[in-house]
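One structure coming up, written as structure tokens, with questions to follow.
Order as written gives the chain letters A, B, C, D and E; numbering starts at 1 within each chain.
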Amino acid sequence: MDAASTLALLSPELVLLVGALLVLILDLAWSDARRAALSYVSLAVLVLALPAVALLWGRSQSILSGMMVVDPFALYFKLVAIGTTIMVVLGSRQYLNQRARRTGEFYVLILFATLASMLSTAAGDLISLYLAFEFLSLTSYVMVSYLRGDQLSVEGGIKYFLYGAVASAMMLYGMSFLYGATGTTNLVAIAAALRGPSASLRWLAIPTTVLLLAGFGFKIAIAPFHQWSPDAYEGAPTPVTAFLSVASKMTGFAVLMRVMMVAMGDFQPTWARILGAFAIVSMILGNFVALQQPNIKRMMAYSSIGHAGYIMIGFVTQTLEPTTFNGLNGVLLYGAVYLFTNIGIFLAIIAFEDATGSTSISDYAGLMRRSPFLAVLLAYFLFSLTGIPFTGGMFAKFFVFASAIQAGPFGFLLAAVGIFTSVVAAFYYLNVVRLMFFVPGEAGGAIRLGMGPRVGLALAAVITLLIGVYPQPLINLASRSVVMLGILP
Amino acid sequence: MGFPILSLVTFVPLAGALAVLLLPAGNARTIKQVAVGTAALNLVFGILVWTGYDRAAGGLQFQEFARWIPSMGVHYHMGVDGLSVPLIFLTTLLTPLALLYSAYTIQTRVKEFFLLFLILETGMIGVFAALDFVLFYVFWELGLVPMYFLIGIWGGSRREYAAIKFFLYTLAGSVAMLLGILFVYTNTGTFSIPEAAATFEAIRPFASNMTVVSLAFWGIFLAFAIKLPLWPFHTWLPDAHTEAPTAGSVILAGVLLKLGGYGFLRILLPVFPSAFKYWAPLIAALAVISIVYGALVCIAQWDLKRLIAYSSVSHMGYVMLGIAAGAYGLGAASGQDSVAIALNGAVLQMFNHGIITGALFLLVGVIYERAHTRDLREFGGLGAIVPYFYGFMLVAGFASLGLPGLAGFWSELFVFRGALAIMPIYAVVGVLGIVFTAVYILWKIMQNLFLGQPNERWLNLPDLTSWEIVSLAPLLAFMFFFGVYPTPIVELINTATTALASLL
Amino acid sequence: MARVLFLVVSAVTIISALGVVSLPNVFHAALALVLSLLGVALLYALLGAGYVAAVQVLVYVGAISVLIILAIMVSERIMGRGEEARESAFNQQRWLTGAIAAALFAVITAGVVSVGWPVITQPVPVDMVGQLGMALMGKYALPFEVASVVLLASLMGAVYIIRDS
Amino acid sequence: MFNLVGLVPLLPLAAFAAISLGVWRDRRLSTYVALGGIGLAWVIGWGIFFATWGQSGLVEHPFRQTLLSLPTGTSRLELGFQVDPLTGLMLFMVPFLCLLIFIYSRGYMAGDKRYSRYFAYVSLFATGMLGLVVSDNLLFLYVFWEIMGLCSYLLISFWFEKPSAYRAGLKAFLTTRVGDALLFLGLLLLYSRTGTLSFAEIFREESLRHLAEVQAGLPLLGALPLSTLIALLVFGGAVGKSAQFPLHVWLPEAMEGPTPVSALIHAATMVSAGVYLVARMFPLFAAAGPGNAAMNTVAFIGAFTALFAATIAVAQNDIKRVLAFSTISQLGYMMAALGIGGYVAGVFHLITHAFFKALLFLGSGAVILGAHHEQDMLKMGGLKSRMPVTFWTFLAGTLALAGVFPWGGFWSKDDILNEAFHSDLWIIYVVLSLAAFLTAFYMGRQVSLTFLGKPRSHEAEEAKEVPMVMQAPLMVLAVFATVLGLIGVPEDFPILGPILGSNPFHHYIGEMLALTGAHPVALPVNWLVLGISLTLAVGGLAAGWLIYGRKPLAAGQPDPLRARLGPVYTVLENRYYVDEFYQATVIRFSLWLSEVFAAIDSRWVIDPFVNLVGRAGAALAEILSRADSSVLDGAVNGVGKLVRAGGRGLRQVQTGQVQDYLLVLVTTVLLLLAVFLVL
Amino acid sequence: MEEILGTVPLTWYLTVSAALFCIGLYGVLARRNAISILMGVELILNAANLNFIAFWRYVGAADFDGVVFALIVMTIAACEATVGLALIVGVFRNRRSVDLNNLDLLRG
């Protein structure tokens, strides 16, 4: 394959790379006054990347000797990453201007992080995978600590870093054994090699998987590898929290799914059990602990631990047979819904924080009076996370649980836990709603929203509503996007 | 397909809600007019559904079908039969009355109130008209959110607690139902309720899949039992009913509880007839406990609204008893007619309880608006001060205790008639309930409110105003009308229950 | 002969690694780290990966260790020496952790030894460095390029964090 | 004529509706509407009654009119009105008494502030009673039965400002409700086993035979034909309504209502509806053969109540209470008659009693009104001269009730005693005879205390005769009380028998027995029974007069019986403490139970879910949230941490230490690795 | 070189690597100083790298997967060290301490 067509297939990544470098240069070159426009430049870069992805739609091939794959699955998650970042950038302008002296680096970092996400989802080889993963992690560490004068931000960053470094090192150690067992780092080749005659090597695959899961689980923030996330989420600047809770998490899922499906597909019965157990612990722990959180970001951290569990249900109960409710479809569907819903919530949190400087849940009392727009939309997103009809969240949960029920007793157990904990989740989501609507709250003026959060919130709400009313297009998109290159029959 | 009357009756309130949304919040008067007008218009459609339904033909009518989420096999499938028509009518009747009453009493956050109320109506009617599991579920949950806000914003002193309790209970039930629905889907491959009913037991015979099918059965059961509410899942109800604003209580007791009973008959009985039959004794026992327990707890209440709330537990127990007896009698020697009678009684009781308890809650609202207390110990002698109020309460109260000549009697008669033929012991114990009911209606309510020397405090209590009478009179008229001439509604219901009676 | 060499190098590596984690003084630990990393480099060389060994020395000993020592000096300059000596360098879960690490070692070793590795003896390429260079330009071009971007991003991030505001 | 039967209950209903919907604003008009309603009903009722005389075949094929047809699955439930001799007879008695009492009420209630409401209620009551007697099925009967219950409640507590009044109303409704529940069960049982509630269909021979042959199959009761079980349940309803022991407690207190109401509802009509019910369902009672459990129960309960109430009446001082217990006692007579198979005698007594007891009550009402609302007989006396019309009419009633020849009560009571004497249950005869003596005695006592002697209070001193509108009904009733018994004079009674047309009553109503398959046999006159009966009646009256009339009591003097009977008198005065017994047991238990359940409910003992999340769940979350750094790893290194927990605070234990997090990570990996490596 | 391969078994290397891994983990978990933890991480990464090179030599195919992986890891390790130390310095600025026990503002 010639270089040109390879580059064409890498065009989304190239757009972001060039864009990130451009922002970096402009940040150095521009005066302070003009730097304010950097967020628009970043937005433009991201928006430009969307058609780049769209143009590749339907392609399914492996490039650069298998280092990268371009398949619908990767493209879908690239869309998720870009979409998340667009929304995050929409919400971060005012936020950062209030808190950080320099904002240019932030946009560079988040563009790099998006690039890293996209690379991760497209990695077809352990080498590129590890690299992209670390790329994402390193940019995330810095972003979490972006408010470098803020104790919480820095503390969150260092904890995130230390946890991430160890987790990824363990993953790497696992990768080394995988390499040793198969003599290759290419995912497809690994799968082929593991089908070879040596039983003892086949046997090695599972312990290796355990080590890999430490890294993936960290990225996804699924219990018991979740403990960094509440601290990092709370400490991080809220836009970064938003990014971590969606883009980073979904990237982790994409990588997990690709590695497990492509390289370890034969071992599904085993890893499905492990991941299923993780899912159960996540759902219970995340939702129960979230009940007690006084800080909304921290609450959302635990909530997203719980949601990692729900998404995981879809993955562990997936089958390669065509069924109406394929678990993988469910994961993709859930991911998209989760994107808009969760980002919507974080945009609301950002807007509130911009106005009041508080992330304490009790300060949300009387929000309905202060800003009906914000209160109604935040309530709507919370209901979406609860799974109430006419929100995307309902169909996402529906789909995931349906796939679980189809998967026999274990799936039924997962679904039962999921359903039980989603009621628990309603408790703390509703608590916020209660404060906003039922409690008059102390005096406080009307809240004016910035343009960015306003646009972002409206966009997220409209899309969530559209999915909630007519999910068919998204289901179609998701079901075409589960095509993953290199899955051995 | 024809004229989409069901879509109309379902979504007209939603359109009204949109209209309210677009009106400026300051214009309370217009908002109220639009809301009440919409609900009144919908009553016309509700009447059209009733009158347009061909009783001779029976079965599902006015069916509408459209592809919705074809890849999931989920469709927009609406249709009504003798079970749904009275309940749709009940909904369209109670909503404008409750809204009319609210138009005079709700002064804060007017726009939100009427907006939510109209959405609520769409949700409720949607449940009664949906023939697709997912559609059913969507409407089912849709009713949850507005009621949560109605209780939480406009409710009494413990409104927040009551609202969240209501929400969580119902949500817990509905997610359990979701599991059950998905289980049915997994086995039948369809989300169509009639299709699933036709095929499920053939695919998964109860006799050979007892554990699994029972699990699914109880999952769905839980949702409806909580909504109904059946002892011991009733504890959300006293709080929700007591704390809700008057119109909210009216709709809660009048319609929302019926969603549970309706669910039993629309989904659980047709899809799981054998499982239902198998578990019917246990369910009937719970029903009887509800009846007696609810009535006894009523006797100990001093808060008028809470008392009436508990009376719902007792009265909805009749519904459950009728349904459980009907299920138990399927294919049994007692004959199909007994089953049909029991089910007739259950559905009729739902309708009657709707109008009777709706009226009672309106009356409680009336007295609370004036006296700002609901403590029965503080009243007395009102009979001489507010004769209209006394009269209305008297009629509603006696209707509630099942006095012949008023609507409540027929449903109790049918329920107990059906139950006695099928499960006599339960019926005999249940009859205790009608004695206790008399105790709390006459002793607690009538005596404490109206009898005795007039209390100095209430000498200037104004009697019912004209708009209160307008809100109440239709309900009382129906109590009398169906009390002396229940034939039209029984015939309507009978078309559906006869079909149910031949299930096994 | 080779085994003896291996054992000696490994012993040094492991002992100095133990020093890294057990020496209470961070500075000493950093020096032990340098030693250990050199040992690993020697093992690379024993394995015939001389180029990697060279990179190891350059990157680790030359860059990373220097960075670490720099950081230690910066922090000690501010904190004052010997504070660590007053308080334990270890946290409370030291012994538990030790047990876990030992157990993990046992588990991994047991696993590693029991596997029948499909050892294939192959000659080290003669022009290893050259061939490796070609591969880095060809098959591994992407990781190579991406790595440089990562490096850029990390440096930028690190500079942002450290830079005095 | 029969086609108009539907109008009989509907006319008063229309009057009720009209009054309650607006006519009530005009008191006069309300009266006219009510009187018009009942008057028309009376005209039609008598028309029907006379049309039934001589029309044969009405028993087997009564005239029927279907009003309501309800679908019940594939079948339908047909409900309507009917006319047969029993209905006809009741239509003779009920509307007529209603009319008279309505007229009387105009005087009695004049000046009451809820005058119009009173007429609305009594009109509704008339609907209930008339509907009851024209129903062709048990369900309609039950419907009207309950409507009467409602009216009874409303009218007893008519003066609801008085606590005693509203408590009495409540007691009446609830007590009868217990019986009603049994009746309801019986009705349901009958309906579910036969598929119909229409009398004509139930009383078909094959249907009755079937019911008598099928066993009820109740575990504890042994062999019990279904018909008997149903009959017993139905009788439960009658016990409540007719205030038979043990559900008699409400009737005395029901006297709190206006006196015309007591006369109409609690003496003449409603309370006798229980007897009517037993009479109506007689074929079912008798289906399992003579002397079956149902019949015997009716007989014993009736006889026992007759004596029991009569003894209590002896020790009552309230003029209306005496009559109330007398009513209970007389209803017991009727029940006993039906129970021993004396169908005709029972119905006969029902009719005669209705008239003379209404007369007595109206008379007592006149006394009360005349004596300025004084009801205590010990404070009366000497009214004979002050209220002559009242006295003489009251005396007629007394003689009728005591059973003195030739007043109405003599014939019917003698009929009953004669039946009892010839039945297998001689004890019934003895008990009823004793009761007869006591009846005469307390009536003698009442008349003596009230009318004879000198006034014992200021009120009695000032007493005045009541207005004409009240006198007229008294006089009409007195005539009826005196002569009505003559329609049932036995054929073989010398002189009178042949003159009066060979016992027309017996022929008329006796036909009803055809439904049981038996032929009505009129017993020959038994001079022994007759003699004893007459002796007891006269003796009782005489005894009453001897104690209370010959030497009138002085004001404030206690009842002479009190001294003679001692504690027995106290027990009687307190009505055998039955009320207290119920209060201490059933009522207290129910209230206790309801309090217990309410406490359970309000203290959330049964609150499975929210409490789980809200409380236990919150606690769990609390634990987990510490957690998330402590317990999770606490599970791992809990021992070590706990040991050192003393030195460092709890705060230290649950830090956000990243190394704690990592420990969990590593431990998880280690465990999983170990699991897979070892296994 | 051939001689060495012939005489030192693969498992020896793997055992050394495992030892480094576990020692590194111990350091990570037991030390209080953030810099010490970073050093522990470096040990783990070296353990993995040693595996890569050993496997490349003993089982790897003709290409350079293991070697390249090791080189990439080194690069990443450098990046991690850079970022990590920057963060540690950042913390230090705020807290005047790199003792992890003091980093507990965020918890619960």
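The rule is short, and it goes like this: contacts are C-beta pairs under 8 Å (C-beta built on N, C-alpha and C of every residue); 3 or more make two chains touch, one makes a residue touch a chain.
Computed from a predicted model, the values in this text were never measured in an experiment.
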- Query: What's the overlap between the neighbours of chain B and those of chain D?
  - Reply: A
- Note on the structure: Highest contact count belongs to chain pair C-E
- So which chain is the furthest away from chain B, centre to centre on CA atoms? C
- Select the chain at the greatest separation from chain A, using centres from the mean of Cα atoms. D
- Per-chain C-alpha centres versus the global one: which chain is nearest? B
- Task: Round to the nearest whole Å and give the separation of the Cα centres of chain C and chain E.
- Result: 5
- Whole-Å separation of chain centres (CA-atom averages), chain A against chain D: 75
- Using mean C-alpha positions as chain centres, tell me how far chain A is from chain E in Å, no decimals. 27
- Note on the structure: Here the gap between chain C and chain D, centre to centre from mean Cα coordinates and rounded to Å, is 100
- Per-residue multi-chain contacts in chain A, two or more chains: 127, 131, 134, 138, 141-142, 145, 148-149, 158-159, 162, 166, 170, 180-181, 183, 207, 230-231, 292-293, 423, 427
- Note on the structure: So chain E residues touching two or more other chains come to 14, 21, 24-25, 28-30, 37-38, 49, 54, 56, 58-59, 68, 72, 76, 79-80, 83, 86-88, 90, 100-101, 103, 105-108
- Shared-contact residues (touching 2 or more other chains) in chain B: 164, 168, 172
- Query: Which of the chains touch, listed as pairs?
  - Reply: A-B, A-C, A-D, A-E, B-D, C-D, C-E, D-E
- Can you list the chain C residues touching chain D in their complex? 91-93, 95-97, 100, 103-104, 107-108, 110-111
- Message: Considering only the defined contacts, which chain D positions touch chain C in the complex?
- Response: 636-637, 640-641, 644, 648, 657, 659-660, 663, 666-667, 669-670, 673-674, 677
- Query: Inside the complex, what are the residues of chain B that reach chain D?
  - Reply: 164-165, 168-169, 172, 231-233, 235-236, 238, 293, 296-301, 310, 334, 336-341, 344, 381, 383-384, 391, 398, 403-405, 409-410, 413-414, 416-418, 420-421, 424, 427-428, 431-432, 434-436, 438-439, 442-443, 447, 450-454, 485-487, 490-491, 494, 497-498, 501
- Residue ranges of chain D touching chain E (in the complex, touch as defined): 625-626, 628-629, 654-659, 662-663, 666
- Using the touch definition up top, name the residues of chain C that touch chain A in the complex. 111, 114-118, 138-143, 146-147, 149-150, 153-154, 156-158, 160-161, 165
